[in-house]
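Here the chain labels run A, B, C, D and E in written order, and each chain numbers its own residues starting at 1.
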Amino acid sequence: MKNVLGPAAVLGVLLLAWEALHLAVANTGLPSPVTTLVRLVGLLGEAEFWDQAAETARAFAVAVVLSTIGGIALGILLGMNRTAGVVSEPILVNLYSLPKVTLYPVVLLIFGLGISARIAFGIMHGMIPLTLFTMNAILQMKPVYRRSAAVMGLTPWQTSLTVVLPAILPEVITGARLGVSLCLLGVLIGEMFASRNGLGYMVMHAMERGDMPTVLAVALLLAVVALVVNAMLLMLDRAWRH
Amino acid sequence: MTLAALAEIAPVSDADDHHARLTGVTRVFGKPGTAKCVHALGPIDLDLRRGEFFSVVGPSGCGKSTLLDVLAGLSKPTEGTAEFEGRPIDGVPAGVGVVFQEDASFPWLSVTDNVAFGLRRAGVDAAEIARRVDYAVGFMGLKQFAGAYPAQLSGGMRQRVCIARTLVMQPRLILLDEPFGALDQQTRLLMGDELLRLWRETSATVLLITHALDEAAMLSDRVGVMSARPGVFIDILETGWEVDRDSRIVSHPRFGDLTGHLWEKLRTESLKHLRDG
Amino acid sequence: MTLAALAEIAPVSDADDHHARLTGVTRVFGKPGTAKCVHALGPIDLDLRRGEFFSVVGPSGCGKSTLLDVLAGLSKPTEGTAEFEGRPIDGVPAGVGVVFQEDASFPWLSVTDNVAFGLRRAGVDAAEIARRVDYAVGFMGLKQFAGAYPAQLSGGMRQRVCIARTLVMQPRLILLDEPFGALDQQTRLLMGDELLRLWRETSATVLLITHALDEAAMLSDRVGVMSARPGVFIDILETGWEVDRDSRIVSHPRFGDLTGHLWEKLRTESLKHLRDG
Amino acid sequence: AVVPAAPALADEISVTQWGTSMYGAPYAVAMSEGLFKKAGVDITSIIGSGGGGTTVRNLLASETPYGDVAIAAALAAQRQGLDVIIVNTGTRSTAEASLVTMPDSPIKSLKDLEGKKVAITSPKGVSEMLLLMALKQEGVDASKVERVASGGYVNGLTMLEQGAVAAAALIEPLSIIRAAKYRTVVNYGKLLPPMTTSVGITTRAFAKKNPEKLKAIIAGRAAGVEALYADPAKAAEIVGKAFKLEPAIAKVAVDNMLGPRMWSVGEFNQAELDRTIDGLRLIGEVTGPVDWSKLLDPAFLPASIQGKK
Amino acid sequence: MTREGRIRLLVVAAAVGALELACRIDWIPASVMIPPSAMATSLWDILVSGTHWKDILVSLRSVATAAVLAVVLGFLVGAVIHALPLVRSAVEPLLASYYAVPTFMFYPVFIILFGVGPSAIIAIAVLLAVVAMISATLTGLDRIPRVLGKTALIMRLGPIERAFKISLPAAMPYLFTGVKLAVAYAFIGVIASEFILSGAGMGYAIAYAYNNFNNREMYGLMLLIVLLVTVVNTALDAVDRRLQARLRR
């Protein structure tokens, strides 16, 4: 309870700052928090909004699942071999810090404008951190765990399942947390740049019409959802690290 | 009693009596001839007598852990042969338990689950697991921490968990690699008492690697002193203690003689290591 | 020589002779009466004689570091008074040097710069700095590592850097808080030799906190034994060694007596700590 | 091989700025009134997009590669060697675009813009082209008017409100929604003569393989245009629904386009085409001569309008 | 060069070679991707002809400004939060979840606040990058060994001297990791904003080339960004590794 109160207070302060900003730049089209919330409630009542949200959610869900599976699998593959790990790490880090949005046209050229492009783009964002975290977790796992397993006569399969997996899980969850966030970001950017549906498109469309309350309402909603999802993963993370 | 009498080299015991035996064992890391090639150990001849408490002391990096790896079947000797209970060691032999220098408790399992881990994998039935785990946890004084996780325990407690985890497997040969290296001396002496108690109760053969001379002198039937790398035994010392000993023997006059003798043997070897930074 | 003779409690030395003095010092952390309040230390009465080598041993958490903090002026006693060279201690007194248990070398400076750090700040002139740093670096056997950075050195080497850094300031009272706690026993004994050499050359007063009974027995003129928390001195032992001693005295029969006696005093205190996990 | 993945839905066509601009109105009407079906094709939905090249890319990737796109995009695609042909005209007026300023601003005409800054959306975009054409028409020296790329119409308005620019480009329906806040300096539709602004394009391969389908699409759209002009009120209702506009705003938007006859039935008009090319030359989008014979293919227009030029 | 370094070079070279081959034999159609060699010549043409220098400079200036602002602001905010444990406990969970917030969507707000142009884009980039620096500052200040503080007391350093001679160098390796991340995020923030929202800069140039079917120019610019990021990253990484090496104890 206490660890909800603090962030809630911070969010409260941010809302107040927003209101103050709204008053300070009066009449320039920056809606007040109240206007935004009213708009948000309005949106939540529209079927159209839910269609778009479902579109985003679908792309996001598929991207998360695929990048999680892919990221962990690739991370394990690279982590099992020290040379492979050391060779690929800087490449992965470099890919991570690349402004991937510039590669979006390539994605569009390959996948077309459908949901697959957005999924692919989400994966491009979300997979690398997971791969990196998983790989490093395996590379840096205490060798003594493996030796203990050997001494207890565990088969390689038993070792992977009952020792390696739980040992790297905290790192994997941390990676997943980052990956999930970035997946969402990737999908939304994809929708903003070239798409005909999804919340990103909705925001872009509203921006084009100068419909600020809608822009902020959707952005706010996404921010809150992202924070909540992240907080849940964070709790999972903490629970696992006794 | 004179030092000369103490320093009597142990004769090779007869075949029936020996529990594990290393003959001419060496271990070289890396390709021979290359710059990275490290001659870490040997040649080593060693007979562990059934039921004895044998300690190995030696300067840092002299190959103590390598020796243990060979006995545990974790590492193959480059030359020579290693056998346990009359059979050559190939892979980790059943009946051998190991406690490592590093904390090897699994942080994701509670103390009980840690201790039960090996038994569960081995498919021992639940009632038997419960019985053995209960006993080991109690024996190592972990009763009140049974549900705790390693992160909530001190370093000494965690090593006890690892010892309990080894103990439940009922090993006939227990190998310990500086298990108390991270603890302070006083705690270490007390843990030594428990090790002695365990040894007496299980009547297993114990090989203890340590860098603490007092620990070696107080706990062991015999102490093997290793040279700087490549480690070979430069001395094997019979302590002549009763089976029924504990840490209070540190005030025994022979204890001082023993540590003094060990230190004399090791001082020059340790200086070799220290000079390399 | 009998244990009784060894265990003779040191008489309070006369005023002229004492270098630092604690009278009725206690230290309580947290607000008294609250749940978080910890009575860490005392009451302590201690007279450090000018030029003596005094060691403090005691179980983990008994307040040894707290005692050192009071002497170093890093922490104010809750009750009682602390004085150094006749003046009450208020803030860090000039003439006191401290070597901490943790590695306190500055990783961003080379060995030479680490050692020169304090002198440069104090505005000592360059030639004098060079002379003193050179001497200290040489004395601690760091000559060939003068340009190296701490990360390139072993733990033992880094502690030597910290000792050299304290040494160049020419302190009259040197406080050492388990400086070799992280090293293995053999290396520690060798470092002890260098500490003795340093003590003889500088003729400073040395207070060494340690958990290693052999270290205390071998290095000190007097050893203070502390109880479990709140730490009070339960014994102060005169060792009676010559000034001109080194680690080889571990084979001296009196050495065994001393450690044995210390262990007897400490065993029950240490058990108290161990039981709390 | 890496094959551009096609959306699964058949008979989806692309319309630029679908949902934001009036280009798409005939399609909305035709779909709602079943005019496509009557013409022999089942258009189920429209792929919209931000405009320009994206629309062309989309249509190239779709199963029914027909789309209504800005003429500049069609030319660019052709220039880059993509196998596209223009098969009909879409819109022929700039009536939806205007230049606005703040109500209290001293800017009364284009002349007043000399030495001032004007917000356009992006360099080489439609808003810049129209501004340059209008300046040229009024005899104002374009080099004296500084063009600032704002990234979007709303951004330009924000700059205008903050005084960063003296005037900003604007487009419907945004200009209708915000009509009260700004004063129109010039309505391009009133100032500039008609010119082709959007065209229907397809790939040569599709045209060869499915000429009947293509003809049906064009015919369906033409029927939509006619229905639109015949009953603007109903059309406004349909468009309002399709574009999620308030009915009143949709009504104004459609009505504004009636006068200049924004929507072409599909026929090509050389003069209107050339005007656009002149405009594109002003912003440097077109440099060399344009070979219309390679670009245009009127063969798929309804028989009734084929001859008209 | 280490063995791994050589292998890495080989891997990258092989990947580029494979791409080249795939494009050359038309396994990847030219409408989707052009061969790497063509990207390189296109980049060369872009640089020589000077058509995009303005965009490149605009982007680089924005990235640099954003990175500097993020580092300075992040450090200051981090230091203040570090000094206020109560604020810290409230803010930290939010920091941990921060990257999930789609910053780009607040662009219109920044336009209102900062006007159109580089400032709004810089604001987005700063917003994206500053959190990495705040986190790094918190970690860095946390990780200053307590014993160094005691040492400062023993050496009787004043607060200012202590901050500059002990705290800052001790925290530096962590702070630099923050700097490295801040630069990367500044890059991402600036280029992405230009790409989606703006009318200038490298990001916009790529989007524009894409819209005009100018694959050659698009891939030339993409290559430029990949190279720029790689160079900057490698340089920062080299410094980072050196600083990290100090911590290895």
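For this structure, a couple of remarks:
Note that in this section contacts are C-beta pairs under 8 Å (C-beta built on N, C-alpha and C of every residue); 3 or more make two chains touch, one makes a residue touch a chain.
Quick caveat: nothing in here was measured; it's all calculated off a predicted structure.
Between subunit B and subunit E, the least number of touch steps comes to 2. Looking at subunit A and subunit B, not one chain touches each of them. The two chains most heavily joined by C-beta contacts are A-E.
If you average the CA atoms of subunit C and of subunit E, the two centres end up 48 Å from each other.
Our note on geometry: subunit D versus subunit E, Cα centroid distance of 39 Å, whole angstroms. Mean C-alpha positions place subunit B and subunit D at a centre distance of 84 Å.
Among all residues of subunit A, those that touch two or more other chains are 28-29, 108-110, 204, 207. Under the contact definition stated at the top, not a single residue of subunit C touches 2 or more other chains. In subunit E, the residues that reach two or more other chains under the touch definition are 31-32, 108, 112, 210. Inter-chain contacts occur between A-B, A-D, A-E, B-C, C-E, D-E.
Across the complex, subunit B meets subunit C through its residues 59-60, 141, 145, 153-154, 156-157, 181, 184-187, 189-190, 211-214, 247-248, 250-253, 255-257, 259-261, 263-264, 266-267, 270-271, 273-274, 277.
For subunit E in complex with subunit D, the touching residues are 27-29, 31-32, 108, 111-112, 115-117, 197-200, 204, 208, 210-215. Here subunit D touches subunit E in the complex through residues 1-2, 4, 52-54, 56-57, 73, 76-77, 79-80, 82, 119, 121-124, 148-152, 154-156, 158-159, 162, 164, going by the rule given at the top. Looking at the complex, you find that subunit A touches subunit B at residues 142, 144-145, 147-148, 150-154, 158, 162-163, 166-167, 169, 240-242.
Across the complex, subunit E meets subunit C through its residues 145-148, 150-151, 153-157, 161, 166, 169-170, 172, 245-249.
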